[in-house]
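Each of the next two complexes has chain A plus one other chain: chain B in the first, chain C in the second.
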Partner chain A sequence: MTAALVDQPVEPVSTAGGMLRRLNLVTAIAGGLILGLAGWLISHSLLQDDDLGSDQVVLVTLSCWAAGFMIGIGALNGPIGWALGRDLRHEDELFLAGKDQGVARYFRFTTDHKVVGIQYLVVTMVLFAFGGTLAMLIRTNLISPHSHFLNPQTYNAIVGLHGLIMIIATIIMVTGPFGNFIMPIMIGARDMAFPRLNALSLWLIVAAIPTILSAAVLGGIPTGWVGYAPLADQAPPGMDAYSVFIIIFAVSSAVAGANITTTVLTMRARGMSWNRTPIFVYGTVASVGLAIPAFPLFMASQVLLQVDRTQGGQFFVASGGGSPWLYSNLFWLMGHPEVYVILIPALAALMELTPVFSRRPLFSFNAAVISIAGIVGLSIMVWAHHMYASGWAPDLNGPFMLTTEMISVPTGLLFLVILGTVWRGRIWTTVPMMATYAMLWNFIIGGITGIYLSDVPADYALHGSMFVTAHFHYTLMGAGLTGAIGALAYWFPKMTGRMLNERAGYISFWFVQIGFNVTFLGMFAVGLAGQPRRVVTYAQLFAAGNFVSTIGAYSIGIGMLVLLYAVINSWLHGQVAPANPWGAKTLEWTVPNPIPLENFEVLPVVTSDAYGYGEEDEPASGIDPEREPVLAGASADLGPRPVGASNVEGGP
Partner chain B sequence: MSAESIVASPKRRRRDEVRHIAWLWLGLTILLVLFSIWVPARLMGPPASPTMRAVESTMTVFSIAASPVAALVWAIAIYSLFRWKSRGEPTEDGPPFRGNGPVTASWAIVSSVLCVFLLIWGLAEMTSTTSPAEASNPLVVNVTGQQWVWTFSYPDQGDVESDQLYLPLNRPVVFHVSSRDVIHSFWVVQMGIKVDANPGVTTKTSVTPDKLGVFDIRCAELCGLRHADMETSAHVVNPADFAAWITQNGGHT
Partner chain C sequence: MTTTAEVPVPGQHHDDVDAVGRRQLTGVCLLILADVAFVGALIFSYFYLRGLNTSNAWLSDGAATAPIWVGWAIAAALVVSAGFFRWALAGLRKGNLDRLVSGIGVAVVIVLLDAAAQVVQIMSFSFKPDANAYASSVYTLAGANLFHLVLTGLVGLGVWNRARIGKYTAADPWQVHIIAIWWVWIAVAGIGGALTTSFIASPNIGS
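Our next item is the complex of A and B:
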């Protein structure tokens, strides 16, 4: 016995992780700065006298920054180790997963999906804080027709940055935090299929954020978030920052998409057939699956734009034989699927939580799945409705009107699913459930105004006006962001171990929702009256509507600050949450708080779906039948597995 | 279904609930239809062409068609929020039914029918609003966008050029739209027409102005620093006044 002890290394854990022990966010920033500086010096000295010099220097510098950042965080350690034939030891894997590192693991290349989920949540909130501040500046400028609060150049730069930052934030706001933290537990897995890719996708976004913020000092993005060429060809170097950002983001989303899709396809718990897989899992897969074909097109458009801007290419320059329509087609081939990338997981989160707070089974699970599939299928065939008025292909306007209007049928089914679920339920009006109601209100308005815009002649009148701005805010914010906030309030107890302050949650809810409707109903009015989008000044005719919008926007701002306070305060000092505070039946509520490193000591076996509210045939297993999920029957034949075991088990 | 038997006369209660929701639905539908008739077209202002008139009636008709749909969703939502609300955490579950085939089928059928109606309406409207382009003797106006002004020229009237648009009343006009630099969008607000001005190509749009007056032309595509100032006026005048304006500017009719 004694001899065996002596044979053991004295500190077996101390070398775990190897080089990664010394890498974290600080070394990443240092690496980014060093390589960025080197890139700047080299490209600057080589290209000093070139006319296009500044664009090329910015492109090289920002690319070097991102590469240096990724090296500094340790993203390359795994691939290099494998190339050298080094195998990770078990304790290295544990170190990578963040075992026993406390808060430090949130600042490292950590593979635990729960850490990545929290990191995504913080990144999302930071992006919303930036984008929201810019929105406040925009609305302040528009409080009166000629406020002179911002000059036209600053205004255009802010409009572009606001749009892009918010689009990125909304794309990751559900699949990032909840798709990474909650979804693997929901399907009974111990981690994602590719934990390192998971960390890679997160840190790529972190590396990309400074590049987009650098646009603010590089002359801004004067094109709006769409980056239309040829305006983008004549834009200042801020446009190069835009390109670098999009290219990195496209890689990140492809990596995340492959990872989440594989996880769901191969790692669902034993017995979790497709008709027992929770609807949120469908929403997550639909979203990232749609992103896989969509974002490479955006990336391609930016590669071509950079060839134009830095290599003298003419892809989008008409005088050189190129076509601006090439850009707009590439862009909207991404751009329309992208709105469903945003919307579907948010709506799926609401469909997931509505049964819990109605104490009713999800109404027509099949209709919910069919409608998600229908939206995904149609969404790749509608892009040119953004181009009715572009003159690109007037003869195709009719067919695109058809596909666009067809989307209203599967979307309508989603409403039926939620209404059928609340029907004669026992409605528990928590903050998450209120988000469902807010979505029902907002998304009807967003959807119907979308139908006006799908109509070709009506779109000729409304395209490019504030009506369009109001419409997509009703869908992406009124339905999408509202759904994400509902998801946050719903899963907050599981993610942080504490309850979200309910009172602050309600206060925030009403400030945001009332403010939102005031802002964007006012914007519909000025849009119908003929105010174009993205204008720094406007005619006196639109003064009243814009004033109302600005007041509403301030109310949203106050509400969001209250939410931020509620999140931070509850995270630090909130009431400690029980494992299953809502009495929900999905698997993530069966694991204890705080969640162990690999989630499940014994992998669950699923015997029914998660919506059996009010059904008699609950198996009487577990200590508390009220709180024990129906589908979480632990199976004896698997036996307990040691923490740290391979994470590819659990698939059927 | 044994949970049902606990509730006293559940059938009657259910019938009452449906009746209340139906009344709420009817009331909301009426409100929304009134809103549809009065508000959207009014906000768009008096139309200055048959095209804009068609667009405004589309807005009204689509709003009316959407009213019962929105009203149904909101009626059920509002009713559930007040009548099916539990005080705090629910102590019992709701009824466990997991769907309703006939309801789902009718929902899908009604929304498909509405969708087909929208499409047919839209196609008919497209035909009617593009008719000025097929007129026998339209006035041709070349529209050129450049950062940040519009230029109009009249090729059949001796290439008269102007930075304001002059159009004769009731004569079909075809605009040939192009750009010298970036993408702009040519928008005659009160006539309900818009088409992008692209560099290197010519796009077309057409309209028959049928109201005398001065109307707004704005750029509807962000085109750089002074995008907000890229606006001018469209003057719709009597044919005689138009001829006089052309002659005055060195052209011929």
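Our next item is the complex of A and C:
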């Protein structure tokens, strides 16, 4: 890294970027701390509150932290400059894009979509590391019926934090890193439609992370990740941290959703008609398109919750005319589309890479598109299946059961698309392709158990049990996270310029997948036997299943650590990747390594679809995909690259 | 995917004005969609709790309510300001920059006065948010409208300043056009809030 920095060109004194030259992550943290402290002092004195951490004080302090952080990173410089009539010069745009700033651009309000993609990847990994550590603590506590490893309050707080952090991480794990880094190049664009909004969405999440972590010292989130009222009305100030986090995240996701959707709608390359647009692009747009109307509902629920908590509001208090069902409806109107916000892009990434490693066209592209559209359409009509047992609108249980079961039809179609693509393909077995196999296995279990749970009588028996926990882990982790890992292994060479260590990748794969199935099949067993979820102790009857689950969880943990090692080690010291190591046909593989700042020297014109793999075809890059030695041959031509460099021009 | 080279684009790359304008319009419409969902959720909450009337406590007998006309007056002012903004936009399209500046200026003044009126209304409610579900809902809708007004006032000040220093021309009216759409949306949201709070008593009495 140091060697790379020494190579930076020495420029004459420049004013490009203006005040942004002096703003970075350090000034952001300083701004957040200063404004947060000011907010705490002012609110504490104005409210004349003896309690240093009352709901109002916590709300004001955390909001001020976030505002200070965003000011400190430079998020407001653009809007203020616009209002004052100071339009950006070309040099300012280049500075904002991170040109010639080396590693420093990753710690600034940088607008280059490739930098934002890498930042999202790192943020996602940090969230997974934190959430995964909490999962290990939970499973360690559950290794025996009365382990007393954690006290009940701590256990409750950890379960809530684990759930929320993992949900947020899985929401951004594909559309964040790959939707930002890969997707614009895949459609032949030079950048996102709104580069500054792109940076804004990323830094809002970074600003929000400390707020949710603060919940750990503010009494935790005793409601689980769903934040159910009326318990949320009575919970400690950790719940205020939860609300602030969700509100910031909702703004971030709306901004990111508008940006990605606009980019795809208006910036596709000439000739890239909808039937030539790669399926990953469809998956990304479906995900963020669902998020645009869905997350504001979650945000609204948190605004109402804060009115209850800080102003004595009655939204969720039955004695004051409120109703906890209002919260349930607002939450699940977001909550079930959110499942597909997570799943669709992960499955689309696997549909993108499966033809590459099967050397066959995507089986029925139209069916894939229709199934994605079908899932999106139905996903907004199934929310109340989470509320069968709550007593809300029993007459609607039947219709919601029907819509929920109907969603298995387009989902099954996606299975057929992937199976049809693999069928009689010339399979090139790689870590990304293994992810496809693993997803097929895991998601068939997650999907079928979901059909059980969509059935009202079965749900009455299984609601709130470990069976439900196992089911959604099979879908969100077994299919979603597995898809994201496959996407990482597939696009790693393009994002970093280096190949992911294949041996470490395989070791990680088997530790994670075996551990995953051991953990959650065990959880299915104890759930069927009647163990409720979110309990700190349990009956001796469930001891064996829980012990097995905990051993499986440790295996996942080991596998994830190996993956982390593989990513860091390969990024720093991995084999240099050629421009198109897989012989793939989408546009991102046509750009050189390192990728130029504006991606394309000349804008591409698309003349065929992206899946023309067949016996008579020739790979677009001229690389023979059947020959793995292409990796070594190409890397020899490219020569050594600086240690720790990313694959983005303009840096080291 | 087969590709062929198009016209080479050297280092400095910019799309044409209309392409950028259409792109910005698409993005803002999507952000408005998100805001529609948020405002819709607040209105849904109002009608849901009013219809449910849990414990007959939506608005107990004799409880204070907000005068309906104030909400409508604030909404009407918003409509007038949106009208001035569109009048300014029409002026820009005809090349009349004086009309652009004065029209936006009037629209901004009305919105800022409207924001002040919204603050006065909130401060003078004869109930607190903790009185009942109706009170909580009215406060929240008024707060959301105030947020809209302040945000629009700030954006309006920016666009007015840019118009004043000659940043807009008849050939490139896109930013003003896009902000006009936002202005219309907040007027619609204001009407939605006023209409919602016009339905006070619950139809579900005695459940």
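Following the convention adopted for this analysis, the second predicted complex is superposed on the first by the 596 of 652 C-alpha atoms of A that agree within 3 Å, B and C clash if a C-alpha of one lies under 4 Å from a C-alpha of the other, contacts with A are read in each partner's own complex, and residues count from 1 in each chain.
Keep in mind that, in the parts below, contacts are C-beta pairs under 8 Å (C-beta built on N, C-alpha and C of every residue); 3 or more make two chains touch, one makes a residue touch a chain.
Quick caveat, the model's predicted, so the values are computed rather than measured.
S.K.: In the superposed model built on chain A, check whether chain B and chain C fit or clash.
M.R.: Because the two structures are overlaid on the shared chain, the partners are seen to fit without clashing.
S.K.: Between chain B (first) and chain C (second), which, if any, makes contact with A:299: first, second, both or neither?
M.R.: In the superposed model, A:299 contacts chain C only, not chain B.
S.K.: Which partner does A:608 contact after superposing on A: first (chain B), second (chain C), both, neither?
M.R.: Only chain C is touched by A:608; chain B is not.
S.K.: Pick one for A:409: touches chain B only (first), chain C only (second), both, or neither.
M.R.: Only chain B is touched by A:409; chain C is not.
S.K.: In the superposed arrangement, does A:358 touch chain B (first), chain C (second), both or neither?
M.R.: first
S.K.: Just chain B (first), just chain C (second), both, or neither: which does A:486 touch?
M.R.: neither
S.K.: Between chain B and chain C, point out the one touching more chain A residues.
M.R.: B
S.K.: Applying the touch criterion given at the start, work out whether A:82 contacts chain B, chain C, both or neither, answering first, second, both or neither.
M.R.: A:82 contacts chain C only, not chain B.
S.K.: A:190 in the overlay: touching chain B, chain C, both, or neither? Say first, second, both or neither.
M.R.: In the superposed model, A:190 contacts chain C only, not chain B.
S.K.: On the A-aligned overlay, A:237 touches which partner chain: chain B = first, chain C = second, or both, or neither?
M.R.: A:237 sits against neither chain B nor chain C.
S.K.: Give one of first, second, both or neither to describe whether A:450 is in contact with chain B, with chain C, with both, or with none.
M.R.: After superposing on A, A:450 lies clear of both chain B and chain C.
S.K.: Please state the minimum Cα-Cα separation between chain B and chain C in the superposed model, rounded to the nearest whole Å.
M.R.: Nearest C-alpha atoms of the two chains are 7 Å apart.
S.K.: From the superposed pair, tell me which chain A residues show up as contacts to chain B and also as contacts to chain C.
M.R.: 318-319, 323, 325, 612
S.K.: Quick check on the complex: what are the chain A residues that touch chain C?
M.R.: By the definition above, chain A touches chain C via 79, 82-85, 87, 90, 188, 190, 193-194, 197, 254-255, 257-259, 261-262, 265-267, 269-270, 276, 292-297, 299-301, 303-304, 307-308, 311-315, 318-323, 325-326, 329-330, 585-587, 590, 598, 601-610, 612, 620.
S.K.: Quick one: which bits of chain B touch chain A in the complex? Just the residue numbers, please.
M.R.: Its residues touching chain A are 2-3, 14, 17, 40, 43-45, 51-52, 54-55, 58-59, 62-63, 66, 69-70, 73-74, 76-77, 80-81, 84-86, 88-90, 92-100, 103-104, 107-108, 111-112, 114-115, 118-119, 121-123, 125-126, 129, 177, 181-183, 185, 187, 189-190, 192-196, 198-201, 203-205, 216, 218-229.
S.K.: Along chain A, where are the residues that touch chain B in the complex?
M.R.: 152-153, 156, 159, 222-224, 228, 230-231, 234, 318-319, 323-325, 358-367, 389-391, 397-398, 401-402, 405-406, 408-409, 412-413, 415-416, 419-420, 422-429, 437, 440-441, 444-445, 448, 451-452, 454-458, 460-461, 463-465, 525, 528-530, 532-539, 583, 611-616
S.K.: In their shared complex, at which residues does chain C touch chain A?
M.R.: 1-9, 11-13, 19, 22-24, 26-28, 30-31, 33-38, 41-42, 44-45, 48-49, 52-60, 128-137, 139-140, 144, 154, 157-158, 161-162, 165, 167
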